[in-house]
Amino acid sequence: MISLHGTVAVGEFARRFSLDVDNEIVGVFGANGTGKTSLLRTIAGLCPLSEGELNVNGAIVDAPAEHTFVQPELRRIGMVFQDHSLFPFMTAVDNAAFPLQMLGMKRIAARKLAIEMMEQFGVANVGQQMATTLSGGQSQRVAIVRALIGSPKAVLLDEPLSAIDEESREGVRNHIREHLVRLGVSAIVVSHDRTELDHLCTRIENYTR
Amino acid sequence: MVSTIWSSVDGVYSLTVTILAKARSLVVVLPIFMAVAGTPVQAERIVAKKVTVTVSAAASLANSYGEIGKQFEKANPTIKVRFNFASSSSLVSQIQSGAPSDVIAAADLTSFDKLLATGNVVKSPQVFARNSMQLVVKPGNPLRISSIADLSKASVVSLCAKTVPCGGYAATVLSRYGVVIPESKITRGVDATATLNAVSTGDADAAIVYTTDASSAKKSVFVIAIPASKNVNASYGIAVIRGSKNSKQAEAFVQFVVSPAGQKVLKTFGFLAP
Amino acid sequence: MNSVSSRTPRFVRLGALLGVAFLALPIIGLLRRVAWSTLWAQLTDVATRDALRISLYASVCATVLALVLGLPLAWCLARMQFAGRRFVRALVLLPMVLPPVVGGVALLGAYGKTNGLLGGVLDSVFGIQLTYSLWGVIIAETFVALPFLVLALEGGLRSIDTKYEESAAVMGATDFTRFIRVTLPLLKPSLVAGLMLAWARALGEFGATITFAGNIQGRTQTAPLAVYTMLESNPEGAYALSFLLVAVSVGVLVGLRDRWIGGGSQ
């Protein structure tokens, strides 16, 4: 469950958001600059709310009035970044395995689980390649695996299918939905592509200027 | 004004860091820093009409010759004197490698033997002063050193480098006492001044230096006299260098040093008569 | 392909040639003076061996110390806002612009046994004397090498994209883990370049070392000090050791060449 009612900093501006996501996949649709990415960054904990309250899975993680702010590393949120942000000095599989290692899993076991999940998303073959050598579609799939692998309490996806080619989109979409349903978590998907959201999400919120 | 200084230094710093961040290589920055870190070059004023005489003199003559130079220039308004102070042994090397100097004043006569052998001076030097050695320690003599025989109490002793005259003299004194100081306790100064500084400003416990240097250090050191029976007689010599372009003026300087006027100055600084 | 920017005018080429000659001639002149037949004998001479051993040990320790002190400093300068930031930056630049001997005198004022700010206490309370000791050499070398490292590290920290650290945080990496697993690998090029420069500077330090740590053969006489001391008494040995130092410097430059040209891992 994700519940945000408050003001988010969007560049130089501020924007009030009111959003409740309860065990569903909510799409956020809007043009660039409307604050969609800022919204996700705030939920992840990379920017604080200027006022209001943010609740993730029953815990208040951000409440300026009460001086409450939980660091992003403690929020157990999985996130697919718009530009993937894979670590350039690591291989694809090490990137995917990273969240598991942060949870304490040993390197070899983490890599094994990562490869299994990467197989589902069709990128197991590039596992040993450096992240910088991956194509756009490959790195996005690795980013998706990385976001879902650590059994997060909430998942945020920023344009998760933008680099995936037409034919594969449906397959990847289904896998994402499958995992989200299996994890039983709330998710927010941000996209400027209306049709993508229609296919992936249970509900869509419109945010225009 | 202080804030302007900080701002400009900060500006240089920020610029460097920005360059490093953008260029990601130190090629660009290094030349800037080498330029900044280098010692500034002193601009020399070229005085057309005066003749400049360059005198290479032992470091222990720095104070006395400075005074002699002033008096000489006053008595000879057309001559300007420029000094080059260093250990006698490095002066010999410099002259043998062709350093442009007109006069050499060294703290021993062996230096002149070397220069005579290589033809850099043509006649024997004039002995213009004598010096002896003293033992100096920290003010108040905290280690209660009574003489050279006691030097084992010191953890660090400062001596001149072995090939520098004052280093040789110190070695002679030590051998007359039959004292051997392990090399691991000796810090070697490159010339007499550096050797003295190790005790006067640094942390060395004791040094064997010229009597004249010991007295010029005044309150910054405590002097323990070395009796004449164990002491050395350092003879200082002066000569005009062969090939000097101002040999007449150089000879005039040499004559001034041995004249009563020059001798008086040397005496005030503690040198003994030749 | 003969575009305007890729054509090099003749006067530029001439200037560059002069530059190369200016730098190369002293090196060639030095190599000419080396007595190759006695080179090994000179380099294995006791005084030279001592000097090399001390130089190697002290310069490596100084580089490590510079890293320990310099990395936090670089971090704060790169990423923190605090009062007196300008002052700190000026302070970091200071050892670079100070003549090294002056640096040595300053170190005496702080760590000298007699009248040193801290040195007096160190001696009377702990019985520790930093002057005329190997630690004195290390301190003098660290003092002059630190700015190089801080500048390189701060430049590096500013150039890395924070998005990687952000994504690491979201993935669950706490501060220290983030630093070790993400920041340091990203910082590697600047770190390596900074370390090599700092080490080379420490190795070549003369003025501060001789003033603060003295010139004790076998204890504080580093290679540069040995060369200077040997210049009159044993010129052959001085040239031999100088040759070795030049060889080491060339080695550093060759090792740095990937950062030298092009820069960074991209």
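Order as written gives the chain letters A, B and C; numbering starts at 1 within each chain.
What we mean here is this: contacts are C-beta pairs under 8 Å (C-beta built on N, C-alpha and C of every residue); 3 or more make two chains touch, one makes a residue touch a chain.
For clarity, every value in this text was computed on a predicted model and none was experimentally measured.
The greatest centre-to-centre gap from subunit B, using C-alpha centroids, is found for A. Counting C-beta pairs in contact, the chain pair with the highest total is B-C.
Among the chains present, the centre nearest to the common Cα mean is that of C. Computed centre separation for the pair subunit A/subunit B is 74 angstrom, with centres defined by C-alpha atoms.
If each chain is reduced to the centroid of its CA atoms, subunit A and subunit C end up 45 Å from each other. With centres defined as mean CA coordinates, subunit C is found 30 Å away from subunit B. Contacts from subunit C toward subunit A in the complex involve residues 163-164, 166-174, 177-178, 182, 185-186, 188.
On the side of subunit B, the complex with subunit C involves touching residues 5-7, 9-10, 12-14, 16-27, 29-30, 33, 36-37, 39, 87, 89-90, 92-93, 138, 155-156, 158, 161-164, 183-190, 194, 198, 201-204. Within the complex formed with subunit B, the subunit C residues making contact are 77-78, 85-87, 89-90, 92-93, 96-97, 99, 105, 108, 112-114, 119, 129, 131-132, 151-152, 154-156, 158-159, 189-190, 193, 197, 210-212, 214-221, 228-229, 231-233, 259-264.
On the side of subunit A, the complex with subunit C involves touching residues 44-46, 71-79, 81, 83, 85, 87-89, 98-99, 102-103, 146, 150.
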